[in-house]
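The structures considered in this document are given below.
The same chain A turns up in both complexes below, where it pairs with chain B and then with chain C.
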Partner chain A sequence: MSAGLQHYLDVAQRFQAEQAETAPLWLRALREEGLAQLSRQGFPTPRHEDWKYTDVAPIVSRGFAPVGAGRSVDLKARVEQLALPGPRLVFVDGRHSPELSSLEGLYEGVTVKSLRVAVREDAEALEAVLGRRARAEAHPFTALNAALLEEGAFVQVRPGAVAPSPVQLFFLASGAGAAPVLASPRIVVVAGENSEAALVELYAGVEGGASFTNAVTEVVLGDNARLHHYKLQAEPDAAFHLASLHARLSRDSSLTSHAFALGGALARNEVYSVFAGEGGECVLNGLYVGHGTQHLDNRTDLDHAVPRCTSRELYKGVLDDRARGTFHGRVLVRQDAQRTDASQTNRNLLLSEEALVDTRPQLEILADDVKCAHGAAVGRLDEQALFYLRARGIPRAEAERLLTYAFASEVVGAVKLEPLRARVEQLLAGRLPGGARREVGA
Partner chain B sequence: MSTETIQELTRRQYQAGFVTAVEADTLPPGLNEDVIRLISEKKGEPEFLLEWRLKAYRHWLTLREPRWQSVRYNPIDYQAIRYYSAPKQKPRLDSLDEVDPEILRTYEKLGIPLEEQKRLQNVAVDAVFDSVSVATTFKDKLAKAGVIFCSFSEAVREHPELIKRYLGSVVPYSDNFFAALNSAVFSDGSFCYVPKGVRCPMELSTYFRINAAETGQFERTLIVADEGSHVSYLEGCTAPMRDTNQLHAAVVELVALDGATIKYSTVQNWYPGDAEGRGGIYNFVTKRGIAHHRAKISWTQVETGSAITWKYPSVILKGDDSVGEFYSVALTNHRQQADTGTKMVHLGRNSRSTIVSKGISAGHGQNTYRGLVKVLKSAEGARNYTQCDSLLLGSKCGAHTLPYIEVKNASAQVEHEASTSKIGEDQLFYCQQRGISREDAVSMIVNGFCRQVFKELPMEFAVEAQKLLGVSLEGSVG
Partner chain C sequence: MLLSVRNLHARIGDKEILKGINLELKPGEVHAIMGPNGSGKSTLSQVLAGRETYKVTQGEVLFEGKDLLALTPEQRAVAGVFLAFQYPVEIPGVGNLHFLRTALNAQRRSRGLEELDAMDFLSLAKERMKLVQMDQGFLNRSVNEGFSGGEKKRNEVFQMAVLQPRLAILDETDSGLDIDALRIVAGGVNALRSKERGMLVITHYQRLLDYIVPDKVHVMAGGRIVMSGGKELALELEKKGYAWVEKLGPAAGREART
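Coming up: the complex of A and B.
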């Protein structure tokens, strides 16, 4: 066993021993299962087909550990700068911060609790879903998250409730202290029948210390429920970020997921979506914008397990400097999933000679009455379009910026939530070539 | 699909499934260094080749069988295979009159009348029976053009310098599990050398036939096209019907030097096993070409046979302005499985590649396209276009598309497109309304679906491929 793995096993063991007395039995069982699975699976290497293009060795070797409670850092300014208006839960270094959070204006049909509170107050409802979608045996980092399960959020949308404003979960890495910080948030969302709600997950940090966020989100949609899920990952360039979203869609339900990956030295976002009832609809949008030596990885998996479901997937990448982007998307259409309509697209724009892209769009189809298509493309800016703009007096740098923005705007424009779209555009503006990249991104 | 058509489908017979009674010189099953020495000795090989085989064998021992593929099969017992089987009749023949009439009849039954080759068709044929080349036609005419086309063993004897230089230069013995096995035990195959600036005057062709039981076929093909030359090569394969699975692990190496063109076409019709998936050939083949400056390598394959087809004819685009092409039709019916595709590795500037893959799945067939397009740092201005289409006939089959795209140069332009569909009721209705029977309409649509690939095949093969596809799909949609 590698020293890196041993470190994480030790950390989890210590954590579980400390918590043994206070945690309910079912939670202890979940944690122990996570630990056992992590110990059994170990961390993946590029020899694993699923991790072919992403090496997690920098995370494994660095020895991240959760921080203890009671550390106070003044982050109010940072939170105000990035957070959207409306109700929010804020977590600092993986710990819920009541003073930064505010649930004022929360729509009455929606309940939002920190996971720690929910374990006490809503044990029954939580136990029924926690760890059911995100299985420790399927993923070593889900296992690690489960082994350290403590903080996060539990969001419930009452059947029939149509929430007008989004719920915001803000995860902030403080950058304080010398030790590398591990945050393992777990978010559980249960949307009742005929409900509609929006959830925003925001990840950011303060430059400085090393941080590793290992987040897991579980979403269960009732019949005809609609959820708009937005994830904006704008961590510092030195941060490590692994996150997965696991969703189960019941009959006629709809999930729209938008994932923006802007920060992180090594960041991977995974989306696993399973159709469990007919008539479901799933839209997966993604945009990853990398510069410097960032490594941005995207993994999506759509399981068409039942007939008559529709999925639309669009992931776009913009890679500059020596950044590396990877996309691995799978669409599985099971044998009886007739009348499936699935499309998957991945497009990548390389802005520098040193940037890299690896893409693997996959279709696995076992039913015959289906409409499935996928496409992938890698290229650089169209010289002719650049020429067209320059011929009209627009300087080259500005023209490149315009075209790059146009490329990205297909994904950004799909965001229905006005304040979030503005925030993404603002962050993006700092990232595009020829722009004020160093001002904002640095 | 109606019940009758399903029954009709299952009744269909594999037409090349007979066994020929020829006395064979076979080694007992099993593999060790002595077997390899024996094969080498039987073939009268020079020392360097034996050394190479042994190195390959020792390397093979250190390898484990790969497991990443999407095909499933029972474990292969490598000690139960006979590694050498040759029709008993020696010495090496110079004219067809001396070939065992039984073997000639076999080829005639298969529609490859070796005797008539001279008069009728402008195709030179090398016929490989089990592991050994039995006849090569048109040698004289080719020799006049300076083209060397002979069995591999003959090439080892007559042109050892060429073999020494190019053998393993594209697919080294250490390449993969099956290539290492092949390098250790290959018994024969075809060799072709086209000299500088020569346009090979006729199509070259090899027919492979597995006859003996319990044998594996391990042939090796090496084609070297010298600067500015041009050659078109065809390959066809059949095997008898048996209940047990037989392994076919071949290696094909193509070397296209500056400005040369190699066109390699395959119509693979190994025995696919019966409707319940008993028997059939495991077709685990390594095929790869290397294209130097301005050279072009084009793979065209029509894969209708084999219980399992698992191969990726690849091109290393080493030279500037080199071109790689891959056109494929893969059909899986009954319980057949195919995991096939290509690898295009772009090293040279302005290298271009085109991939067109058509997969057709029927019955319980599983068809996977797996392809890699890799553009390395040095490949300024590289261009790739990939199109993968799948057609599903029936509700129990599967079609999978698994492309891998790795781009390390920003100037590269890489596109991948794929679609999966079935034959639309409206399309069938349209045809039927105009008096075309349902059966004909299906065949027409399937042929139209494959046309892009068929038009790349040389004339004789295109006809054969269309017929083969027609037969394989008979009654499978209704």
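Coming up: the complex of A and C.
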């Protein structure tokens, strides 16, 4: 066994021993299963097909560990500056901070609780979902998350509730302290029948100590429920970030996921969506923008398990310098899933000779009465467009920026939440060539 | 002299396209350039605008006495060179209004002038659009995206009206225009004629020159200017066709067909 794996097993074992007294039985079982699975699977190496392009050795070899409770860092100004307006739960280095959180303005049909509180107060509802979508046996980092399960959020939307404003979960890496910090948030969302709600996951950080975020989100949508899920990962360029979203869509429900991956030395975002009832609709939008030596990995897995569902997927990547991106998107249309309508597009823009991208759309169609389209492209800035802009007096660097921004705008423009869109635009402006690259989280 | 082109040679890859162009344009003058397909008219206009895919191998170009070829495309634009493209480029995702304001402000900045804010620019744009009777709806669309052929050409002349260049090169701005649009766009171009501004108008059709009456007409063939004359030359060409040029300049004519 590698020393790296041993470290994480030790950390999890110690954590579980400390918590053994207070945790309810079901939670203990979940954690223990996580630990057992991690021990059994170990961490992936590039020899694993799923991790061929993403080497997690820099994470595994570094001794990331959760921070102790009760550490306080004064981040009020920071949070006010970075958080979007509206009700929010704030987590600093993975720990829920009640002082920085505020649920003022929360719509009455929506309940938001820190996971620790929910374990006490809503055990039954939580237990019914937690760990059911995101299975520890399927993924070593889901197993690690389960083994250290403590912090996170439980969001419930009452049947029929239509919440106009989003709930925000804000994860901030403080950069304080010398030890490498591991945050393992688990987010559980249960949207009742005929409800509509929006959730924002915002990840940011302060430049400083090393951080590793290992997040898992589980979403269950009732019949005819709609959820708009936004994830903005804008951590410092040195951060490590692995995350997965697991969604189950019941009859006529709809999930719209917008995933922005801007920060991180190594960041991987996975989305798994399963249609479990007919008439469902799933929209997956993604944008990854890397420079320097960033490595941004995107996985999506859409399971058309039942007939008459629609999926629309658009992921775009912009890679500069020696950055590397990957997109692996699987769409599975099972034999019974007649009248499926699925489209998947991945487009990449390479801004330098050394930037690389690996794109692998994977359509598996087992039904015959379906409408499926897919496309993947890797290109550079259009030389003719560049000349057209320059011939009008726009300097080369500015012209490149304009075209790059235009490329990304298709995904950014799909964000209906105005403050979030403005934030993404601002962040993007700071990260495109010629921009102020040092910007962090703002 | 506004523009002096002397013995200009340019190639793409191994293929020489411009084979010794000579041209002198004074401020206030309008010169028409005609010539068969593939004779190098667009190449000349792109070389003047600074397209890097063409390599200049010989000759020089002076713009207001300064070496134009030493400048980048954007520097040429700032100096006052404007090319209305034969095939305007579609740029999805970049708004027409934003694009043009960025262009004007980039030019103004380089000239040490104050930039225009969004409000001032909008009123300027609206005023200049009238010149080519363009609908304001085009401001909110992406640059040339989904524009019809004629709409693209109008958009080029609209940009020229906003940027107010010293030298305008109009590469087949008339092709793709219906008869009414031709009259309107030509009217717009005429309104931009002034004694400081020079224009090179590339066209295949004498009809445009009924509206935009040139001071001189040049005929290009095989990468050279093989004949120059007054505005009557265009009429004569229309009647006699390019075979006539071939007869007068056999060497040039032959090259024009290769």
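By our rule, the second predicted complex is superposed on the first by the 437 of 442 C-alpha atoms of A that agree within 3 Å, B and C clash if a C-alpha of one lies under 4 Å from a C-alpha of the other, contacts with A are read in each partner's own complex, and residues count from 1 in each chain.
Here is the rule we use: a residue touches a chain if its C-beta (ideal position, glycine included) is under 8 Å from a C-beta of that chain, and two chains touch if they have at least 3 such contacts.
All of these numbers come straight from a predicted model, not from anything done at the bench.
Trainee: Would you sort A:348 into first (chain B), second (chain C), both or neither based on which partner it touches?
Mentor: So A:348 only meets chain B here.
Trainee: Please indicate which partner A:391 is in contact with in the superposed arrangement: first for chain B, second for chain C, both, or neither.
Mentor: second
Trainee: Examine A:49 and indicate which partner it touches, taking first as chain B and second as chain C; both and neither are also allowed.
Mentor: first
Trainee: Comparing chain C with chain B, which touches more residues belonging to chain A?
Mentor: Of chain B and chain C, the partner in contact with more residues of chain A is B.
Trainee: Looking at A:370, would you say it contacts chain B, chain C, both, or neither? Reply first, second, both or neither.
Mentor: first
Trainee: Name the contact category of A:357: first (chain B only), second (chain C only), both, or neither.
Mentor: The first partner, chain B, only.
Trainee: Just to be sure I read the superposition right, which of the two partners does A:402 touch: chain B = first, chain C = second, or both, or neither?
Mentor: second
Trainee: Examine A:378 and indicate which partner it touches, taking first as chain B and second as chain C; both and neither are also allowed.
Mentor: It touches chain B, and chain C stays clear.
Trainee: What residues on chain A does chain C touch that chain B touches too?
Mentor: Common interface on chain A, chain B vs chain C: nothing in common.
Trainee: Okay, in this complex, where on chain B does chain A touch?
Mentor: For chain B paired with chain A, touching residues are 68, 390, 392-422.
Trainee: Which of the residues in chain A come into contact with chain B in the complex?
Mentor: 49, 53, 335, 338, 348, 350-380
Trainee: Name, in rising order, each residue of chain A that touches chain C in their complex.
Mentor: Its residues touching chain C are 382-385, 387-396, 398-399, 402-403, 405-407, 409-410.
Trainee: What residues on chain C touch chain A, complex-wise?
Mentor: Those in contact with chain A are residues 49-53, 72-74, 76-78, 82-83, 85, 88-89, 91-94, 99-100, 102-104, 106-107, 110, 142-143, 159, 163.
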